[in-house]
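A, B, C and D label the chains in the order they appear, each numbered from 1.
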Amino acid sequence: MMDQTVASRTDVAGSLRRIRADFPILSQKVHGRDLVFLDSAASAQKPRQVIDAMADTMRTQYANIHRGLYWMSERTTEAYEAVRDQVAAFLGASAREEIVFTRNSTEAINLVAHSFGSLLKPGQVVLVSEMEHHANLVPWQMLRDRTGVELRVTPVTDDGALDMDALARNLSDGRVALVAITHMSNVLGTITDARAIADMAHAAGAKVLFDGSQLAVHRRVDVRALDADFYVVTGHKLYGPTGIGVLWARREILDAMPPFLGGGDMISTVSFERSTWASVPHKFEAGTPAIIETIGLGAALAYIESIGFDAIGAHEEALTTHALQALGNVSGLKVIGTAPDRGGVISFTMDDVHPHDIATLLDRNGIAVRAGHHCAEPLMHRLGVSATARASFGIYTTPEEIDFLAATLEQIRGFFV
Amino acid sequence: MMDQTVASRTDVAGSLRRIRADFPILSQKVHGRDLVFLDSAASAQKPRQVIDAMADTMRTQYANIHRGLYWMSERTTEAYEAVRDQVAAFLGASAREEIVFTRNSTEAINLVAHSFGSLLKPGQVVLVSEMEHHANLVPWQMLRDRTGVELRVTPVTDDGALDMDALARNLSDGRVALVAITHMSNVLGTITDARAIADMAHAAGAKVLFDGSQLAVHRRVDVRALDADFYVVTGHKLYGPTGIGVLWARREILDAMPPFLGGGDMISTVSFERSTWASVPHKFEAGTPAIIETIGLGAALAYIESIGFDAIGAHEEALTTHALQALGNVSGLKVIGTAPDRGGVISFTMDDVHPHDIATLLDRNGIAVRAGHHCAEPLMHRLGVSATARASFGIYTTPEEIDFLAATLEQIRGFFV
Amino acid sequence: MTQDDLYRTVVLERARTPRYSGPLAGAQMQGEGSNPLCGDRVRLQANVDVQGRVAALRHETRGCAICAASADLMAERVVGQEPARVSQLHADLVTAVETGIAPEGLGELSAFAPLHRHRSRIRCAMLPWSALIEMLNDDKDR
Amino acid sequence: MTQDDLYRTVVLERARTPRYSGPLAGAQMQGEGSNPLCGDRVRLQANVDVQGRVAALRHETRGCAICAASADLMAERVVGQEPARVSQLHADLVTAVETGIAPEGLGELSAFAPLHRHRSRIRCAMLPWSALIEMLNDDKDR
């Protein structure tokens, strides 16, 4: 027994070492100290597999896609479109045509707000939650102000879970057309019960959009098992490049939606009087897409799959448990968000030391955490704080880094009180 | 004299050799032949300086920007924002705040069509030309269909120049709010007289947008000297990465425009009832931007500036003159577009050999050209063709490549007739 | 210039002087296929006999050499064939252009096998066939 | 933990126990500065004498230690100074935080010089100063 445990610990440490070796940036120094990067929820670092895929594309196999009748363009088109298949498999989509490439989650949600939103009538309701990132709030506010749909908000409970009773009440008048809710909060770490939300939404005649920007990094997404209608993810948090995100939606919904941006590649025929649209997904991809970044995203997904969500999930769960314990021991530290199902994003305050001071003093020691409202101002109001500090974990995060964070926080506190 | 000419020819050949050495892809083989890449107008190849800048960012200095209070985020923010200064200088903008980063030209024009377009009233007119790329046509059609503004079209003359008399007539009723015209046609190579167009537009009370996607690659742009109101460029044609483009607009116009996409980074304060917007340019940059690609664009602009537009312009002019002559000698070949001021984009037909067959047969010999409607279907109707073949040049294109193109075309023709 | 195995004599000849082009007097069926992206268009007219075999087929093609030759070779090949055989030929042609290896019995249609190295042109060769299959299916549905 | 030169005793002390905070009874002027991005807010109340010198200044600061200490050290420093000297101090402080080198005569305000290595925090130290300059300018305009 004992031997087995030691062996499996060594395994974990060994594979963590191998993973870390794939991320060149982790050997950088900051203020003369080893970089301890605990801001992966804002944007993850990139493995060499992603860096190389992008560089190799530019070095050996690049041309504009879809219209080229020559070798380089055909190969680049294939590489680009192959990522659509990869993303479809990654999300459990029924068909590759359901995958629309966007710049990021923000653009994906704006696409839905503009295009699906244009089909809504005044009096219909878009229902969000109190813990949304601005990306899943501001587009709906803008839609409201443009068209007169109503924006309704479902509160969170004191421990940071979605208030499911309130959700039911909010759905009860049958006017809700779309429920748009995060699958994992970037502030509280809360993971919402997406399937239950989808069932409630559908029973009330509403469609449902999940903001999977955070969740898809840590757990396997299966849009069909969730019975989702829309799902969005963003490449740079998935160890991929910036400039690439994904909107998934059911084929029949995408078919019914008008295009968002106009230009090349999204048309079927064009005359001055009238243009007709290409079929999905191209209808929603106007202009030269982020070709190199899409290929980089493909490399990132392949990298994630090579580790596997079993290992990723186990690592994250172990880290989160460890971190909640280690941080819980720091005097005056208060973790914000204690929902039963939660992931590796931990917000906290420490007595009345301002989160900005915490972040700067951690940075002096090489530790990168985020401090502020985390693009979730309304949630901050609900929580009665103006800002929090936040540590968040990636596949390369180690328990030792978390211990160092906790020890440094204890010292910082000693500094202030 | 003789000696000097030889010396300067050697100079040119030498610097061309050095430039080509910067583009790793140019040593690739296609169908066993040396790659001859004559499709730079669709998307240009990337020098190692760009590839390295992106890879180095991901390897040594990456984090999400603007909100991070730690070293990595501060450095990445600085690198990102430094490119805004670079672009401002590249376009001759008065202020860095006038530079908005977008995915590409297409998104930049759609941003204007949505945001500036929302300020227009039914009865006002958007005026385009007959030679627009779909990117500068479809967004205005969609605006027309959404809001009831009128879309008006200025024809081109038989040689492919903008019909300036017709432009004057189109402006004469004073209802035109925006003139949106290409600065260089991606089909005809025609360079429009942007300053004259701006003067006419302004005299008629209209604003003017130039689609500089093609022009900015070959000639120095000075938005103030042109007296433009909006100007758009796209990174991937400028030897930069995909996923990054630029909208320039006068500060006071940007200030007056409502935001386009909603989300993080574009807000000042958010509550459920009401949000307020950040100041320009951030108001127009929602969500995590294409950080790595923006840094890549910076490297591309630095590369272009290191060669200089004097050298770039001279090289392009020499190539274009040479190509018009060499192609003119091919039996049955007809160049489409013979405007007096034109750049290194040459469309042609060859007897009734279909352009697709031309492209495939050139590709068998390693030569990449484009064939089709070049995202300019209405122009094809005007020209009475369903497609053309198109060769286009970059800073790495050699006269020998053009000679090889001409010789191969002659052989292809022999094949068919 | 690289010796070319795609633009073989048969392809060039049939593109230049098609044998089965033009209208079919008193045709029972009409079909059409087009690719708006490249402007290629094929119009078909046909008669079928009581067994559902193609009794006569004519095409009018506006497009590239690959598309025109494909339409003409198709018209020659499918006349007199059982519907199942037509489907088989279509499937074999798909195999040929996807893999570069022509299944046995494809005959002159194997001229298109080199398209596997020019994937963007596969749809040019397949356009007449898609139009044919669609026309025959539409007829069955009636 | 790395010995810290930014959070020096003076900064921590002034943040913890400010000497010039609270309202100013009968103040002639009010000023306010805020940074919506981080929630920092500084409220100022002041009197100026006939020569335009700041005669009294109090602040109410909600924010981080850098911002709070900066407001308090500012309040201490500018009282009794000519407007030109206030501008000079402001400019010198900018130089210090941008370069890391404090111009002579900056005194305790040079505690903020290490901010040049924490550029995202510069605005925290400058917020009270921006509010002050704006308040004084507004007064001049009237």
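Keep in mind that, in the parts below, a residue touches a chain if its C-beta (ideal position, glycine included) is under 8 Å from a C-beta of that chain, and two chains touch if they have at least 3 such contacts.
Since this is a predicted model, take the numbers as computed values, not measurements.
Quick one: report the Å distance separating chain C from chain D, using the average Cα coordinate of each chain.
81
Centroid of chain B to centroid of chain D, CA atoms only: how many Å?
48
Nearest whole angstrom, what separates the Cα centre of chain A from the Cα centre of chain B?
A distance of 32 Å separates the two centres.
In chain D, what residues contact two or more other chains?
37, 117-118, 121
For chain A, jot down the residues that touch at least 2 other chains.
31, 67-71, 73, 269, 356, 360, 363, 372
For this assembly, give the contact graph shape among line, ring, star, complete and other.
Shape = other; not a path, cycle, star or full graph.
Please list, in label order, each pair of chains that touches.
A-B, A-C, A-D, B-C, B-D
Where on chain C does chain A make contact in their complex?
Within the complex, chain C touches chain A at residues 36-37, 117-121.
Could you list, by residue number, the parts of chain B that touch chain A in their complex?
Touch list, chain B to chain A: 24-25, 28, 30-31, 35, 37, 39, 42-43, 45-46, 48, 50-51, 54-55, 58-64, 67-73, 103-107, 109-110, 113, 133-135, 137-139, 141-142, 151, 153, 234, 236, 241-244, 259, 261-267, 269-272, 274-275, 286-293, 356, 359-360, 362-363, 367-372, 375, 377-378, 381.
In the complex formed with chain D, which residues of chain B make contact?
67-71, 73-74, 77-78, 268-269, 276
Under the definition above, what is the set of chain B residues touching chain C in their complex?
31-33, 353-357, 360-361, 363-365, 372-373, 386-387, 408, 411-412, 415-416
In the complex, go through chain C and note every residue touching chain B.
For chain C paired with chain B, touching residues are 1-2, 4, 6-7, 12, 16, 37-39, 62-66, 117-118, 121, 124.
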